[in-house]
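Per-chain numbering from 1; labels A, B, C and D assigned in written order.
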Amino acid sequence: MTGGLEVAGLRAAYGSAVVLTGVDLSVGPGEVVGLVGRNGAGKTTTLRAISGTIPRNAGGLSFGGVSLPTHPYRVARQGVIHVPEGRMVLRGLTVEENLAFGAAAVGAAFGAAERERALAWFPALRPLMARRAGLLSGGEQQMLAIARGLMARPRLLMVDEMSLGLAPRAVREVLDAVLSACREQGVALLMVDQNLRLLSAHCDRLYVLAGGATTRYDDPAGRTDAFWQSVYF
Amino acid sequence: MKRSFWLLSTAVAAVFVVAACGGSGTATSSGNGGATAPGVTSDTIQIGTTSALTGNVSGPATLTTNGAQAVFDKVNATGGIHGRKLKVNVLDDGYTAPKAVANARTFVDQPVFAVFGGYGTVPAQSIVPILEQAKVPYLFPYQGNPYPDTKYVFLMMPLYRNQTAAVIKEAIQKYGKGSVYALVGKTADTPQTVQVAQQATTDAGGKWLGYDEVNQGTTDYTPYVLRMKQAHPDFVLVSTTPTDCARYVTAMVAQGALPAKRILGLQTLATESFINAVPSEASDVLFAPGPNAAPSNKLAADCVATVHKYSPNTQVTMETLWGCGTAQVLVYALEKAGTNLTRDGLVKTLEGMHQIDAAPVLTPISFSASNHVGESSMYQFTSSGKQLASAGTMPIPDVKT
Amino acid sequence: MGLVGAAAISGVAVGFVYGMLAFSIVLLFKASGIPNFAQGNIATFGTFIVYLLAARTGLPLPVAIALGFLGTAALGVVIYLGGILPRGEAGTLNLAIRTLAIYLLLFAVMNLFWGVGQPFAFPRFLPAASVPVAGVSVSLLSVVTVAVALVLGGAFWLLYNRTATGLLLRGIADRPEVARLLGANTARLSAMAWLLAGLVAVVVGLLTVPTALLSSDMMDSFFLYAFTAALLGGMTSLPGAFVGGVAVGVVSNVVTVLRGQEISILAIFALLIAILLVRPDGLFGHGVVERL
Amino acid sequence: MFAARAHSRTLPFSLAILAALALLGLLPIDQGMRYIVVLSMAWGIAAVGLDLFSGYLGQANFGQFAFVGIGAYSITALRSEANVGVVPALLLTMALTAVLAAIVGAATVRLQHFGAALATFFFAFVLFNVLGGNTLDPVTHSENGLAVPPLSWGPLDFSATGEWLYWLAWAMLLAAVLVTSNYANSRAGRALRLIKRSESVAGTLGVRVRLAKLSAFVFSAVVAAAAGLPLSLAIGYLAPETFHFSNSITLFAMLVVGGIGSIAGALIGALIFTALPQLMQGAGAAEALLFAVIFLVFAIGLPDGIFGLLARAWQLAVRTPPGSRLAARRGSGASRVHVASAAPGPAPADGLRGPGGEDALVAEDVSVVFGGVRALDRVGLRVRSASIHALVGPNGAGKTTFLNCVSGLLRPTAGRVVVAGRDVGRSPTHEIRALGVSRTFQNPSLVPDLSVLDNVMLGLYGSHRWSLVRDLAGDWASRGRQRAVGEQAAAALEQVGVPAARWDVLASDLSLGEQKVVDIARAIAGGSRLLLLDEPTSGLGDAEMGPLADLLKRLRADHRLSILVVAHNIGFVQDTSDTVTVLDFGRVIAEGEPNRVIADPEVITAYLGVAEVGAEVSA
C-alpha cells in the first residue's frame, strides 16, 4: 500500500529497557487506523519513534514511499504530524496564535480561510480565540492541539490519547470533528487511545500492541466486547 | 581493589610534585655572580618592573613602561653604565594586589638590584612592605601616596594632597576668587585630600561648597553632576581615576553644568587620554598640574627623540615622557653611585641629590634622608582645541596635615 | 525642579539604556530559554568592532556601524552554534554556565588584543547639545536613546506579533519539542534569536559608549542593572523589559542623589531579591519557562 | 539542577593531593613558589566549600568569593583594629559569616531556576562596592586597602615570608577537605543529593528541603570565609580589587573544570588554575583567554571535569565490574554491615503497628479541585490493616492525585484522610511519614550516583535523631548511628529480596524492575505501617510483574503491612489485591472484590470506553 505510512520491524528502547521488540503497522492514504494495548505496552513509544522524538534502534519506516527522516521537524514537513500525549499546547500563546503556529511551523499560510476552516471543525474554540492557551480546560486544549496539527497541512495525523481526561460526550465531539476534518482534507488518521469500543466502531483496522509487538485485526467493528476484554485485560 | 586504589593516588601525587619542582626550577634563575650587590654582575644590572599591562588602566601603564624602556635601550646601546648593561624584567600585575605581591616576591628571589616604575596606588601600596623588608630600592612608581617611614622607597611626583592644595591656590591666584566644589574618588588618602582642599580654598579666600565621593566604575554620573550644579561653583576639583574623571566631566557637559571658571584636577587630568575623552567645551576650561612637560614643550625634545628612535610604535604622551624622565633619573643616580654599586650606595646617592636637572622633561629633583619625593614643583597645564599646553611651573609646597 | 525630580528624569534616560539591554536578554530568553550572562560583553565587543573600523582604519562612521552590526550578528550566531547548540539538552543551568564562560572569553579577547590604551574615546556621532526637560537639561544622547528604544521596541513588537517568524520565535521557548513536532526548525530559529540579540547589543553599546567610554569592562555594572530590569519585567515580556529598565534607572539615580551610590546598589539588590521572592514571574511575565 | 554526577568516597584521592602538597612543602622551594602554592591552597579551601553547595546540592552560586572577601577583611580588621588574637578572630568571623549567609541564603534558596545564580552574582557585585565604599570605611579603609598585620605564634612565623604559613594553609585545607567530605558522605550529604534529584521525593522521605539547602549554603560560606585567613596573610594587603566579583566566576569555573561534585575535583581545579597563571607570568590577558577557553570546553563537553576523566580512566584501567565504580567501599558499605538474622518484618517504627482489625487508612468524601476541574469528587476509601487494596481506573481518573493527598504532597480541598486515628489532611509530608505512611513514585527517583544501600538508608532520614554537627564530625562520631541505619536498610533490602551482591551497585546501573524494588525497600525501611505504591507495574514487562506481585503478597503475609497500590494492569490487581476501588473522572464508580468489580458493566465501560453516547451496553 504505497502512499501511506509503512512501519516494519520497529525496535525502540529507553536506556537499557527495550520497549518495542518488533512493531509492524501501516496506514494507507485517508485510512483511519487505531493502535491499542494495555497501559505501558508502548503505544506512546511507537508514535514517538515514528515522529523521531526518540531514536529508532531498528526497523524500516517510510511514508509515501520515502523513508522517514530522523529529525522530528523533517518528519513533520514530510506530512506526518504527531499530536503528542498530554496535548502540549503552547501556554504562552493565545488559541489563535497556537493555530497560526501550526501553520507557520511548516511555512504554510494562516489567513481568514484557514482560521474559519479550523473553527468550522471545532466551533467550541471560536469564543476562546484570544484566550491564553494555558487557561483552557482539558477538552478545549485537546481540540486546540488537534486543530493546530491540522493547520500544519498533514497527510497523516497521529493523535496520542485523544480521550485522556475527557468526558465521554466530549470524546464523541472531538472524534467526530477529527474524522470529518480528515475525510474532508484526505488526511490519514492513526489514533492511540484507551477507548477501545469507540476505536473499533470507527477504525478501518486495529493493531493491538502487547509484548512490544503488534497483532493486526482487520474487522474491528465485528468483534464482541468479550473478545476485546480477553485481549485487553 | 582498595590497595591498588592507593597506588593510583600516590602516583598522581608524585606527578604533581615533579611538575611543581619543575615549575619552581624556572622561578629561581641564576643567583648573583660574585658582584658587589644582589642583582648586579660584572656586566649587568638587573632591574624589576611590575606594571598594569592588563586591566582597565593598561593604557597609561604600558606607555610609562615603554617610555622608560626606550631610555634603557639607549643607555645600553651607548655602552651602558660603567660598562654594565641595564636588564629590565617587566611583569604584569593587572592593577591587582595578589599579582603585584607575587611579582615583588619573584624580584626578591631573582634577585633584582632595584624595582623601578609601575603604575597606580593599589600595586604600589601592596608591595612597599615586601620590598622595604627585603631592602630592595623601589623607585618612582606613578602614584602620589606618602610612604613616610620607608628607607628604600623613592617617589617622584608630588603627593596628591600637595598637588590638591597647590592647584587650588594657583587657580584662584590666576583666575580670581571663587567657590570650589569637589568630586573625590575613593583613592588612597581621600579624607586628607578633602580636608586639604577645603583648607587651601579658605586660605586663598575662596568659598568651599562641599564635595561628593564616588566609587570606581560608576555607570551614570548624572546624579553627581546634578548635586554639583545646584551649588553653581566657579571651580570644580575632580580627583579620581582618569576614566571616571572623563565620565564625570562628559556628564557635566551633557547637563550643561560646566563651572563658571575652571575645572581643576591633579596629574591624571593633564594627559592626552583625558583630553581626547572629554568634549572640547570641557577641556578648554581645564587647569591641572603635570609632573612632566607636555610633548609639545621643547624641554621634552630629548625624550621625544629617544622614544621615536628606540620605541618607534609607542605613542608619545604625557605618560610616555614620565617613563622616559624617571628612567633618566635612575640612570643618572646609577652612574653617580659609581662602579661598586650597592643598594645603600644608590640610596645615599639619591639622598645626596639637591635641585638636580637629571631629566630635562621633569622639574628639578631633590631628595634627602627625610624627603623621598623628588619633584617639588610641577608644570601648569591648560588645553585649547584638544591640544595640551604646559605654560610655566608652579611650586608644590609640602602641606602639613 | 527639585534635585530628586532632576535625578528621576535622568534616571528615565539611563533607564532606557538598561531597558534595551534587558530587552535583548528577554529576547534571547523568550526564544531559547537561556539567561545570557554574556549579553553585556557582546554589546562591548560589537562597540569595539565599530571603534576599530572607525577610529583605527579610518572608515566613515556609518560604514563602520553597518559592519559592526554585521560582525556582532555573526558573533551571536557563532556563539550559539559553537557554545550553546552542542549537547544543547544539558539543562538551562549548564547553558547559563556556558554563557558565563563566554563572558570571560570575550573579556579576555578584548583585553588581549585591544587592552593597551583603554579606555578609548569613541568618535563623536552626536553633538554634545542638551535639551532642557522640566528644568533638567537632558543630553541629546539620552533623547536619541529613548527614541531608538521606542523605535526598536515597536519594530520587535511588530516582528513578534505580526510575522510568522516572530510567532515561531515566541513559541519555541515554551515547548521546543512540540514546536519540532509541528515542523519548526528550532536550531535555525534559535540561531536567528542570537543574531537579533547581537544586533540589539550593538545598538545598546553605541548608545552607552559616548558617556561610559570604551573599555573591556564598560558594560559590567550596566549588565547587572539590566538583568534586574529584565526580571522586574518578568523575563518573558518585551514591554516589561523597558518598564523594568526605567524603574531601575529612576530608583538607582534618585537613591544615589539622596544617599550615595553604595546605598543605591544595595537598594537595587534588595529590589531584585524582593521580585524573585514575591513574584518570580516578575510584573509582566507569565509562567517562567521551567527547563531546569 | 546541575547535571553532573556527584561522586561518593573521594577522600582518598583528595588526601593523595594533600600528601603531594606536603611533600612539596618539605622541598627547598623559593619564596615566590611557596607564595603561589599558599595562594592556591587558600583558593582550594573556598573551592572545596563551594563544591558541597554546587556539586552535591546542584545549586548555582556565582558569588561565593564574596564570602572569602568577608572572611579576609573581617579577620584582618579584628586583628589590626581591635587587636583580637587570630583564633578568636577566625571563630568570630566564621560566626559573623554564618549569620550573614543565613540571611542571604534564606532568600537565595527560595529562588527557582537561575534566580539563585543571578542573586549570588549580584551579591558579589554589591560586596565589591561595599568594600570600596564609605559605609564600612573605618573598617575596610576602602580604596586605601587594609594592611594585614604579620602573624607569629611563639617561634612560628606565619607571615608571608616565613614558611610556617605554608603549613597553616595546608592544615586548614586538610580540615576543609575532611569536614566537607564528611558532610558530603554523611546522611545530610546524601539528603542534599536526593534534593538535587527531586525535591518532592526528598520531602516525602522526611527531608526538610529548605533547611537542608540553607545549611549547605551557610556551610560553604563559612568555609569560604575561613579561606580568608591564609589568603590575607599571604597577600599581606587587602584591596577591594582583590575581591572583584569576577573572581567568583573564576572560582565556579575551577569547580566545573576540576570536576564538580567530587571535592577532589574542586581541589584539582583550584590548585591548577591558581598556580598556572602565576607560573606562566606572561601577559595576563593571554592566560585569562586560555582559562576561559578551557572553562567553555569543559562546560560543554566534559561536565564531569578532570576528576571525571581520571575516574573514568581509572575505571577502565582496572576494569572494575561496571557495578561498583570508583566508590571504593570504605566505611558503612555492605561488608561492614553484618546482616543480623533478618528481624521479623520491617523493624516496627516504635510500635505504631495498629491492632489487627483497625483500618490502616480511612478516606471520607475527599475532594480536590484544580482551577475549575474536579480532580477528586467525594472519594471514600478504606484500607484494612494487613491487606492490599488496589485503586484502579483509566488514565486521568485521579488515582495519583489521591495518593498525593494521603502522602501530604497535596492538600485536599475537602474531606478527611485518617491514618492511625489522626486526620492528616493538613499535616506536612514529614509528619505523615513519621506516622509510618511511606510511598513510592511512578518513576522511582533514586539518586543515580548513590549506591543501592545509600539510597535505602535515605528512606530512614526522618526516623532517627540526627544532628548536622555529628555528621560533620564524620563517620567515627556517628558510627553507632550509621551502623544502626545500615542494618535497618539491609533488613529492608533483605525483605524485598535484593541480593547483597547488588547493594553496592550505583542506582543508575539498575534495571527499571530493580529500581522499583529498591524504591519499595527505601519506602519500608525503618518501619512502615501503610505503603502507598504509585503504579509499580508501569514500564515493567510481564516477566517482571510476577515477582513484584509475590513481593507484595509476602510483605502483606509475613510483615502484616497494609498496602494501597495504584495500578493499571487488571491481571496484576486480580492476582494481588484483597479489595479494589475503581475511580473514573475522580468519582468512585465501584468497590469490593476484584473479580466481582471487574465484571461490573460500568467498570468495563469506563475501561473500554463507550461506542455510542447512552447506547445500551452489551455484556
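Keep this in mind: a contact is a pair of C-beta atoms (placed from the backbone, for glycine too) under 8 Å apart; a residue touches a chain by one contact, two chains touch by 3 or more.
These numbers were taken from a predicted model, which means no experiment stands behind them.
Contact with both subunit A and subunit D is made by C.
Looking at which of A-C and C-D shares more C-beta pairs in contact, the answer is the pair C-D. With centres taken as mean Cα positions, subunit C sits 42 Å from subunit A. Computed from the mean C-alpha positions, the centre of subunit C lies at a distance of 36 Å from the centre of subunit D.
Centre-to-centre spacing of subunit B and subunit D amounts to 53 Å, using the average Cα coordinate of each chain. Chain centres here are Cα means. That of subunit A falls 75 Å from that of subunit B. The residues of subunit B that reach two or more other chains are 53-55, 213, 215, listed in rising order. Contact with two or more other chains is made by residues 111, 115, 221, 260-262 of subunit C. This structure has the following touching chain pairs: A-C, A-D, B-C, B-D, C-D. Chain contact summary for the complex, subunit B toward subunit C: residues 53-56, 58-59, 62-63, 213-215, 217-224, 226-227, 230, 242-243, 246-247, 250-251, 253-257, 273, 276-279, 281, 315.
Subunit D contributes residues 12-13, 15-17, 19-21, 23-24, 27, 29-33, 35-37, 39, 129, 132-134, 142-145, 147, 160-161, 234-239, 241-242, 244, 275, 278-279, 281-285, 288, 310, 314, 318, 320, 324, 326, 328-330 to its touches with subunit B in the complex. Note for the complex: subunit A touches subunit D at residues 14, 16-17, 38-40, 137-138, 161, 163-165, 167-169, 171-172, 193-201, 211, 224-226, 228-229, 232-233.
Interface of subunit C with subunit A (complex): residues 164-165, 167-168, 170-171, 173-175, 177-186, 236, 286-287.
Subunit B meets subunit D in the complex at residues 1-2, 4-6, 8-10, 12-14, 16-17, 20-21, 23-24, 26-28, 53-55, 91-92, 94-99, 101-102, 105-106, 108-109, 121-122, 125-126, 129-130, 133, 185-190, 213, 215-216.
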